[in-house]
Amino acid sequence: PAFAAGPAEKFPGIGRAATPAEVKAWDIDVRPDFKGLPRGQGSVRQGEMVWEAQCASCHGSFGESSDIFTPIAGGTSAEDMRAGRVDSLLPGANQPQRTTLMKVATLSTLWDYINRAMPWNAPKSLSADEVYAVTAYILNLGNIVPAEFTLSDTNIREVQERLPNRKGMTSAHAMWPGRELGGQARPDVQGSSCLRDCKKDVTVKSFLPDYARNAHGQLAEQTRLVGASRGADTSRPP
Amino acid sequence: PAFAAGPAEKFPGIGRAATPAEVKAWDIDVRPDFKGLPRGQGSVRQGEMVWEAQCASCHGSFGESSDIFTPIAGGTSAEDMRAGRVDSLLPGANQPQRTTLMKVATLSTLWDYINRAMPWNAPKSLSADEVYAVTAYILNLGNIVPAEFTLSDTNIREVQERLPNRKGMTSAHAMWPGRELGGQARPDVQGSSCLRDCKKDVTVKSFLPDYARNAHGQLAEQTRLVGASRGADTSRPP
Amino acid sequence: AGAMATERALALAGDDPAIMNLPAHSKGLGQPVAASGYGQPSEWEKNLQRRQSPGLTRVPQSSVSFAPLQGLFGIITPSGLHFERHHQGWWDIDPSRHRLMINGSDDSLLKRPTVFSMDELMRLPSTSRMHFIECGANTGMEWGNVAVPTVQYTHGMLSCSEFTGVPLRTLLEMCGADFKRAKFVLAEGADGSGMTRTIPMSMVLDGQVLVAYGQNGEMLRPENGYPLRLVVPGVQGVSWIKYLRRIELGDMPYATKDESIHYVDLLPDGTHRQYTSIQEVKSVITSPSGGQVLLEKGFHTITGLAWSGRGKVKRVDVSVDGGRNWTPARLEGPVLSKCLTRFNADFVWDGKPAFFQSRAVDETGQIQPTYGELRKVRASRSIYHNNAIQSWALAENGEVGNVQLS
Amino acid sequence: AGAMATERALALAGDDPAIMNLPAHSKGLGQPVAASGYGQPSEWEKNLQRRQSPGLTRVPQSSVSFAPLQGLFGIITPSGLHFERHHQGWWDIDPSRHRLMINGSDDSLLKRPTVFSMDELMRLPSTSRMHFIECGANTGMEWGNVAVPTVQYTHGMLSCSEFTGVPLRTLLEMCGADFKRAKFVLAEGADGSGMTRTIPMSMVLDGQVLVAYGQNGEMLRPENGYPLRLVVPGVQGVSWIKYLRRIELGDMPYATKDESIHYVDLLPDGTHRQYTSIQEVKSVITSPSGGQVLLEKGFHTITGLAWSGRGKVKRVDVSVDGGRNWTPARLEGPVLSKCLTRFNADFVWDGKPAFFQSRAVDETGQIQPTYGELRKVRASRSIYHNNAIQSWALAENGEVGNVQLS
């Protein structure tokens, strides 16, 4: 019945039934429960070939490049894989950058994203098998699957259970509009409505260092030529 | 005291006293009671010279041109001058265009406007005497003053009393916001709030004739390329 | 239902190539941020331009360009499409050299003649308000007969913006104005025409009149008076003096050229109404409208604009049968005073001819008149202030035309 | 008073040449109407551009350009200065080939998967509403320390427009959605990134979410998703899917890349908050602000913007002494839900150092926090949703700088 009926009679002439082929062409999303995942498979080795040919130029051979974006691999440990929480996300962990594998909690996210958006300059050009393969390669870069591993629609749920940060997400907050996610009704942060004598001391804790004065260019050229003020001449000290 | 005090202390630092010379330079308006009119004079003959040199190219030698704007002179009679009302403004008078002299009720208006805005391509370039002169010339074109007349700040009030349409204006309406002009509180036109069976017959009284279909260009190129409709192809009949 | 069946048949006839063949933009890398530091509309929108009405005026520096209302949404007019009316051409004035002078027609009316720079004006307490501006001559070509084909030319001397500026009252208070005796204000522009108009003191006193520099979040556009113009809500556009250089307080009206020889309304008895300022309650359906061709039968939205120089729009009725029956339209919020109000109504086209009309009512109870009601009082030679109900005729072939009905 | 005395002295020293020598525009003929069919800002306004923050991003097609809030008025953002955030570049899409598909994640959730053309969408009942859009990462550079000099870079991922479009609910009803079971909506873009985000069904059901084609009276700009984008009022900009091609109904959230790897907020305990959508109550003083230099002592207007993703702004307090004392500012109407609100306050500068701060309160009672209050709960590594009170320091030489206070 899904494709049989026309649009509601309330608005005659508007909209038409999507054909099954059309829905198939555009409905490419893969959900956390892997609904939408096409059949297929790809090995780490095959993935390495895709990676070197189509990804490494931007992301580096080991997913380590930060020229284009934050690194993809790094910052996770075997211990994290067991616990499902990434320790290097804790304060003071001294981890320079938050890599993709440190954050990602759902493997569907990686598969779906590579499939729809990568390579960045030629998105939607990979076959399903290539996406399996290159995803396997990335997982291997993070020591999540071994070098001889072949990722497929049949074993992907098992790999999900090895993701280092799979338990790292929470929806226990008030910033989702609606109750669909449980969450919390009360926002976690609240300001003060004090109007008089609200504090004693006022200290400047942070300000723009002098060497950064001109880091955003000549500010005199970034504001209007009339009005109460002019842009500061940042080519000279204050 | 007018130039002595500074701006109100409510907004310190904002505004400064205008100097007498500055006010003189900009306060050029002339009111219906001729306040603001500078001393001076000019004859019809002098005016003719100014007119031929600086005005006639646009308005025609006799103020008759409609290439640039509606004609300046024409459509008034000696009878109008006596009564102060222009008959050719009445319905059915068969007057092709409403000239300036048919409409103008205050001589200050003419003087002020020529002084501030004419010649169109070199406004504010005439001397006061030239403005008197060319105003006199225009009045002579309308047979309001004789050919030997010299208009000046001392006789301008008398000429005002000869303007053909000097009694032709009314403020007895509700379209001035406020009561400064007397006027009327109640608007003169009111629509109907009828919702059902408001009329019997519907006849098209006026429509765009076919020959005018393309008079505003190709309408297909004047509306958006998507939406509920397209622009009509006016290069072809409907 | 017939149209729908056709649609479905078409759909079943094959898969849509626009879906099956992924477009280039789904498979490539697009343009960078800040490709334009100041962005432009889509290339596909080029048809929507402000345009002149051929033959209406004789010289383009004293002329009008009309806003393409047929393609606009909501109530804000994009500043690039704001209608234009110049009397002696427009300028792009150096704001650092622009001054505003305030003086009295004599010393007793104003204690302190004052000069303000833009720097200073922009420091004063300001207000931001949305208002329509309509030329007094809007729809003027249609007083007698149908004359132009589209809503751009019938009603396009109409725009609406958020204006930011200083209440003129604040400035006059600073200068020590005698509000008891000074009942009129003269506003004067710095352009060649030195445009001057008499402004009602009552509207200055109640804080409505603004000395504005801001329009839709940025400075006024040059065509709209950069860097300073007067905003006189509800009053015809010619009073909104552009390139504002001077304000004078006076005890009588000034009878300037554009309130004595023009912008005066000729009545059947041969007198001219002078100082007709308020733009009365009015509305127009912008789509479907003249010069458009409906693509299909079926459901359509009738959309349009309503406004009143006297305050808020209270109701808009829509008729599709030539004025026999009327149905209230939906008003889109916010409904603001002396501001455009967008209205929408449903229409299912069965393929037969129809007429589209709208009729606005304002909060003071004024109802927009038919041409018959309007002409009964003012005949048809007024040029200005034509606020009659506009009618569009839909033909069987889908084409919509401009008509006037009995 | 000192400054004034100087001013007056200057004035008395001579007549202003800008007044005494009539400018060219007072003595000549200007440009014709329709010189530009689509007009541009004044040449004198060229300094106000959207700009990138050097070093913030690595490639300009996945980057941000910031709106120049320091120079804007009122609440409407000129579309040419609307901030940009692209993940895979922007496109100018042929609207006649653009399609919107609505489907279900399985057949039971939606009876009739449907395809709409732009022609069809624009026929449906539409609504026009003003809303702010703020990137979740706005002010993100300042979580830890002062990092950038001006309000353009601290808060410029913020804009506000009048949007016109069809309530998504209308479309879902047409397709026979099962609103009991389908609790989530996936929205997907047609660009290379195929941007996808999970949208709360509660906001769809109450009519807030729009499938929009209009922005500030014209079509969306290409950089903002021409010809179709989702409008999700109060929710961070990344959810306002541009180049919208598909809506899917589902019974669970989708954990897309930009709601799992990015736009997640790192808490002190090492967990990430996911699906943080609402932009909390926030405000900023746009002038005087960082990088500006006040020209004179004396009266100044403090002006700024306030907004809340939870509803209307109720109050804005302003402090000039570093947060010891606060005074309510004037709010400019209309105050609309999930829309920018302009506030203004008076300030007389005596030449001494001062601090400018603003604090917004929304209609749900949420109060904008200080950095101290915010960091106490969320520390400083969240990247997104920094709604702390912004402080600007005014020095004796008139220069204003970006600071964070104790």
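By written order: A, B, C and D. Residues from 1 in each chain.
Throughout what follows, contacts are C-beta pairs under 8 Å (C-beta built on N, C-alpha and C of every residue); 3 or more make two chains touch, one makes a residue touch a chain.
Fair warning: this is a prediction, and the values are worked out from it, not measured in the lab.
> Which contact partners do subunit A and subunit B have in common?
C, D
> Just give me the whole-number Å value for how far the CA centre of subunit C lies from that of subunit D.
Chain centres of subunit C and subunit D, defined by C-alpha means, are spaced 27 Å apart.
> Quick check: how many Å separate the C-alpha centres of subunit B and subunit D?
For subunit B versus subunit D, the centre distance works out to 46 Å.
> Go ahead and note the Å separation of the Cα centroids belonging to subunit A and subunit D.
Centres of subunit A and subunit D (C-alpha means) sit 22 Å apart.
> Multi-chain contacts only, two chains or more: what residues does subunit D have there?
11, 16, 19, 26-29, 44-45, 48-49, 51, 59, 71, 88, 95, 101, 115, 119, 123-124, 192, 194, 219, 227, 245, 295-296, 298-301
> Hey, what residues on subunit A touch two or more of the other chains?
Within subunit A, the residues that touch at least two other chains are 6-7, 10-11, 13-14, 16-17, 22, 26, 120, 123-124, 224-228.
> If each protein chain is taken as a node and each touching pair as an edge, is the resulting graph a line, ring, star, complete or other?
Topology of touching chains reads as other, fitting no named class.
> So which chains actually touch one another? I want all the pairs, not just one.
So the chains that touch one another pair up as A-C, A-D, B-C, B-D, C-D.
> Given the complex with subunit D, which residues does subunit B contribute to the contact?
These residues of subunit B touch subunit D: 6-7, 9-14, 16-17, 19, 21-22, 25-26, 120-125, 224-228.
> Could you please specify the touching residues of subunit C with respect to subunit D in the complex?
Going by the criterion above, the answer is residues 11, 16, 18-19, 23, 25-45, 48-52, 59-61, 63-65, 71-82, 84-86, 88-95, 97-99, 101, 115, 119, 123-130, 162-164, 190-192, 194, 213-214, 216-223, 226-227, 243, 245, 295-296, 298-301, 303, 330, 332-334, 336, 342, 344, 346.
> Which residues, counting only subunit C, touch subunit A once they are in their complex?
Checking each residue of subunit C against subunit A gives 1, 3-4, 7-8, 10-12, 15-16, 19-20, 22, 26-29, 95-96, 117-119, 122-123, 219, 227, 296-299, 348.
> Which subunit B residues qualify as touching subunit C in the complex?
1-3, 5-8, 10-11, 13-18, 22-23, 26-29, 31-33, 35-36, 66-69, 85-87, 89-91, 98, 100, 103-106, 108-110, 112-113, 116-117, 120, 123-124, 165, 168-171, 173-181, 187-208, 212-213, 215-217, 219, 221-232, 234, 238
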